[in-house]
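Common to both upcoming complexes is chain A, partnered first by chain B, then by chain C.
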Partner chain A sequence: MMAWREAGEALAAGRAGLVSLWADGPRARLALLLDDTVQIVDHPAPDGTFPSIGRLHPPAIRLERALAESSPLVPLGLPDTRRWLDHGENPTVYPFLPVKGRHLHQIPVGPVHAGIIEPGHFRFTCDGETVVRLEERLGYVHRGVEALMAGKVPAEAARIAARISGDATVAYAFAFARAVESVLGVAVPPRAIWLRALMAELERLANHLGDVGAICNDAAFGLLLAHCSVLREEVLRACAFAFRHRLMMGCVVPGGVAVDLSREGEARLRALAARVGAAFPPLLSLYDRTASLQDRTVGTGILRPELAALWAAGGFVGRASGRDFDARRFTPPYEALSFSVPVLEAGDVDARLRIRAAEISESLGLITQILDRLPVGPLLARVPAGAGEGFSLVESFRGDVFFHLRITEGLIVRAHARDPSWFQWPLLEAAIEGNIVADFPLCNKSFNCSYAGHDL
Partner chain B sequence: MIRATLIQALQMALVLLLAPGLVGLVRAVKARLMRRRGPPVIQPYRALRRLLAKEAVIADNASWLFRTAPYLILALTWAAASVVPTFSTDLAFARLGDLIVITALLGAARFLLALAGLDIGTSFGGIGASREVFFASFAEPAMLMIVVTLAILAGSTELTSIAAFMLSPAAGLRVSAALALVSLVIVALAENGRIPVDNPATHLELTMVHEAMVLEYSARHLAMIELAAALQLLLMISVIACIFFPFGLGSGVLLGLAAWLAKLGAAGVLLGIFEVSIAKMRVFRVPELIGGALMLGLLGTLLLYVSRGL
Partner chain C sequence: MRRTLLEGLRRPLTEMLPADPEMARLGLTLERAARRRLGRSLAIREVDAGSCNGCELEIIALGNPCYDLERFGLSFVASPRHADVLLVTGPVTRNMREALLRTYAATPSPKWVLAAGDCAAGCGVFAASPACMGSVASVIPVDLVVSGCPPTPARLIAALITLLGPG
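This part shows the complex of A and B:
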């Protein structure tokens, strides 16, 4: 067992990646990624304090700020003690970090935006058109999800878990179910394992298609948005036909899956894979042929690989900046499937778009493989009442979702969910620095971080 | 005299009436090309009616300038649009139909709009005004270079005379006129805030130019601004049509009207196709584009100096 201080040093030295940090009663808990395995390190804090990890390893700072306001524990030496998710009694007062220099001006954007997106505040400090610093202020969609899940039986809590971030509902339900199953030792039927992967890939496909179009639309190239939206809609309709819900919300439950795939559903999904597989490559080549569009995406919002590695950034954000990590490699049934994880080094908007495009074709391949080899059998195993703790790491379209659960007498005592956005939002601040302010929407869309998943 | 006054009145009514329809046409073409059904062509008229019926919300710190600017901007743009020979050269104010007068009227409107954007003191208004003036500092000299080229060619800056010259056999096919046309199209795209310079359909405040300046406007004020923007688009298309495609201008009111409507329709469709097939430029790339227009205008002038035959 690793000691707390040792873990902090390993993180700071880059030998381990931060997965999450949270409070569970009188102890602080740290999850870190060491040689592709997740380790949990505890620090009992009988006096209510623990040495801050954020002091050594900046990616932990926001997690510790959220921890400090939602538990009685105090991280000693935490460099930033401002509120984070809970805005407190006077939400209008927030001391943004000072920026010094001549001819600087500030642009406040949000929390309410002009488009139909989630709320979050961005404070730009600019020198003319150039962004000197961007500071985010989040927490506007803080709903107290973790507290809501406490005291519930897994089946009930699964409904909440599926609603943490609506666009990744399958991934969240998947992660929650796997955490429950690891705590209570449930053997999930093979057909359910494969159907979960099928749903996860359909979710990834729909979101990536939407993102590719939306990124191009932010450069005022609406044509690709129009075509990608049509494809995304076809995916959602096929999902509605096959699983009776467009986003497949509530389809993955602890113990297995709640819906079976019929013969007709299978045929529909095969047709969908063929259709998207035929329609998407021409769109990508349209992107390749539109010089005015690439002029906007190439070289914009570069995230340096060192930062992506230090923050252990998941998903397309990490993979576009050279971090070769995909939680699917350790999740059944993916070990039985063949797929590759695209990795690029450029770290710009273009690279993040191309990672998505490559993942779309990988997902299409996975969907066909799963449909070809889908086992028959039961869908749901009984979830016994039990006690213990366990965790899971599941790849959502955005990156790895971490879920940790402690269960006593069949009831959840402490649930902790960590969205990949926790380690992507801060990198957006870094990526936009030195870019022009008009390129922010493009960068932001290429990151596409979750507000709800982060704010909990 | 009476005929000229009547034609002038008809022109003033027509430009105001047709301008929102032109905007609606461009939007409809874009929607169709993007596989959307899109709103009907008359949607901008409905939007204007809706805006006029609404209660105006004005920022607490807005001065009189903010409230009066929309009317002045509309008046200036309307004045500029009324003197362009659109379907007939027989206008009562034909003598005012001078390229330099039109440029100055539009410049004054832009100046007022930038001031109004700054007046309310929001950061978006400031960004929009700063970008608008930045682009204008390239677009206006480019426009003047085009005027110089045309003046040397036709011997006048009056649109009526230029149109008459272009219709005459003396015009022929000229390299310098072609350069001026390309240059004028670029300037028109920039002045009207079209893609690739600005995106009139965006909701992203940080990327806006024209829209950022008018973000705080509502109701009747916004209606004036939108009508002025539509008028400006119609005006620039009419100027291009009058100079480079003056067919039908000297041959009776009815034929002239039909020709003008056809030209507006063609320009609207072309603009829609162009906007769908190109992405927006980076802010700092725009001066390169408009600077290119300036250079083309200059080249046109130089060519004329070097050889009167080109």
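This part shows the complex of A and C:
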């Protein structure tokens, strides 16, 4: 077992990636990724303190700020001790970092900001049109998810897990179920394992289609939004037909899945895959041939590969900046399926869009493979009462979702969820530097971080 | 190439909507006032006051060519100062309470509030959380509630049309 200090040094040296950091009773816990394996490192804190990891490795800072305000533990040496998710009694007061320099002005945006979007505050410091620094303030949709899950049986807590980030409801329910199953030793029936992957790919497909359209729309190219949003709508309607819910909320449950796929549902999904497979390539070709659109996306909002690696950024954010990681490689039934993980180095808005486009094509292939080989049999295994702890890492459309659970007598004692956005939001601050204010919506959409998933 | 793509959208993708008798009944008291003051046009400011973003996905879908909300004279605006209607989602979080109150105050009268989704209606699965205030109605006056987790685009449109009154 790796020691706390050793783990901090491995993270700082780039030998390991940070997965999460949280408090569980009188100990601080750290999950890190070492050679594609998640390891949990504990630091018992009988005196209520532990050495800050954020001091050595900045990606841990926001996690430790959230930890410090929600537990009695104190991270010693944490460089930033401001509140993070819990805004306290007076949410309107927040000490933003000081900015000094000639000719600088600030633009405060949010929490209620333009568009149909989640709330967050963005404090831009600009020199003319150029963004010199962006500071984010998040936590507005903090609903106390982790505290709410404590004391509940897994079936009840699964309803909350499915509502941590609505756009990734399948991935969250999947991650939560796998964590429960690893703690309680549940053998999930093969058909359920394959149906989960089918739903996860449909969710990825719907979100990527929506994102590609929305990114182009933020570059004032509304035609692609119109086409992509029709395709997204067709995916959601097929999901509603096959699984009785447009977003497939509540379909993945601990022990298996709650809904079966009928023959009619299967036929509908096959038709959907064929339809999207035929309709999407001409749209991508239009993107390829429209110089005025690429003028906005190429070279905009560059995230350097070194930063993506240091922050262990997941999803299209990491993969567009050279980080070749996809949790599906370690999640059943994907070991039995054929798919490739696209990786690019450019790190700009264009690269993040192209990763999504490539993943749309991979997801369509996966959907067809799953439908071809879907096992028959039961959908749900019994979830026994038991005790222990366990975790899971599941690839949502935006990156890996981590869930850690400690269960006693069949009740959840401590649940911890870490959205991929935790390591993407801070990189957006870096990617926007030197870009113009008008390109912020474009950059923000290309990252599409979850506010709800991050704020918990 | 572009011509082909434009042609692709010219097919009749936009759909007729089923009438919702329940919504019509709920809106009877509202519609006369709304119609008299605003005619057939409503500007909507969406406010996420703690949603999981599921409701936002379906509200965004209202703009796609299948639902095409703007054909009803309904449009989303960037500022509450331009809005007639606040479309509020989420179990109002403690962290969003002040922002919601200020957004409501910034919206000129006459104004209407539509609380969308089970969380906005009754705090949903977050009802027991000390980090949440409760339903939207516990923070600002609400005129119409649309249930659902999340409400489907068809239900959301029916509710918005209810605010406008029958054509």
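One rule holds in what follows: the second predicted complex is superposed on the first by the 456 of 456 C-alpha atoms of A that agree within 3 Å, B and C clash if a C-alpha of one lies under 4 Å from a C-alpha of the other, contacts with A are read in each partner's own complex, and residues count from 1 in each chain.
Everything below uses one rule, namely that contacts are C-beta pairs under 8 Å (C-beta built on N, C-alpha and C of every residue); 3 or more make two chains touch, one makes a residue touch a chain.
Computed from a prediction, not measured in an experiment: that's the story for all the values here.
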Output check: A:227 vs chain B and chain C. Expected answer is one of first, second, both, neither. What do you get? both
By the touch definition at the top of the document, which applies to A:382: first (chain B), second (chain C), both, or neither? neither
Between chain B and chain C, point out the one touching more chain A residues. C
Under the stated touch criterion, which partner chain does A:450 make contact with: chain B (first), chain C (second), both, or neither? second
Touch check for A:148: first (chain B), second (chain C), both, or neither? second
Touch check for A:115: first (chain B), second (chain C), both, or neither? both
Using the touch definition from the top, say if A:103 reaches chain B (first), chain C (second), both or neither. neither
Touching partner for A:249 - first (chain B), second (chain C), both, neither: second
Chain A residues touched by both chain B and chain C? 114-115, 223, 226-227, 230
Under the definition above, what is the set of chain A residues touching chain B in their complex? 105-109, 114-115, 128-129, 216, 218-223, 225-227, 230, 290, 292-293, 295-296, 436-441
In the complex formed with chain C, which residues of chain A make contact? 86-87, 91-92, 111-112, 114-119, 139-145, 147-148, 159-160, 163-167, 169, 210, 223, 226-227, 229-230, 232-233, 236, 246-247, 249, 282-283, 285-286, 289, 450-452
What does chain B use to touch chain A in their complex? 30, 33-36, 123-124, 126-127, 130, 195-196, 199, 201-207, 276-285
Contacts from chain C onto chain A in the complex sit at residues 1-2, 4-6, 8-9, 13, 45-61, 63-66, 76, 78-80, 90-91, 93-99, 103, 124-126, 128-132, 149-150, 152
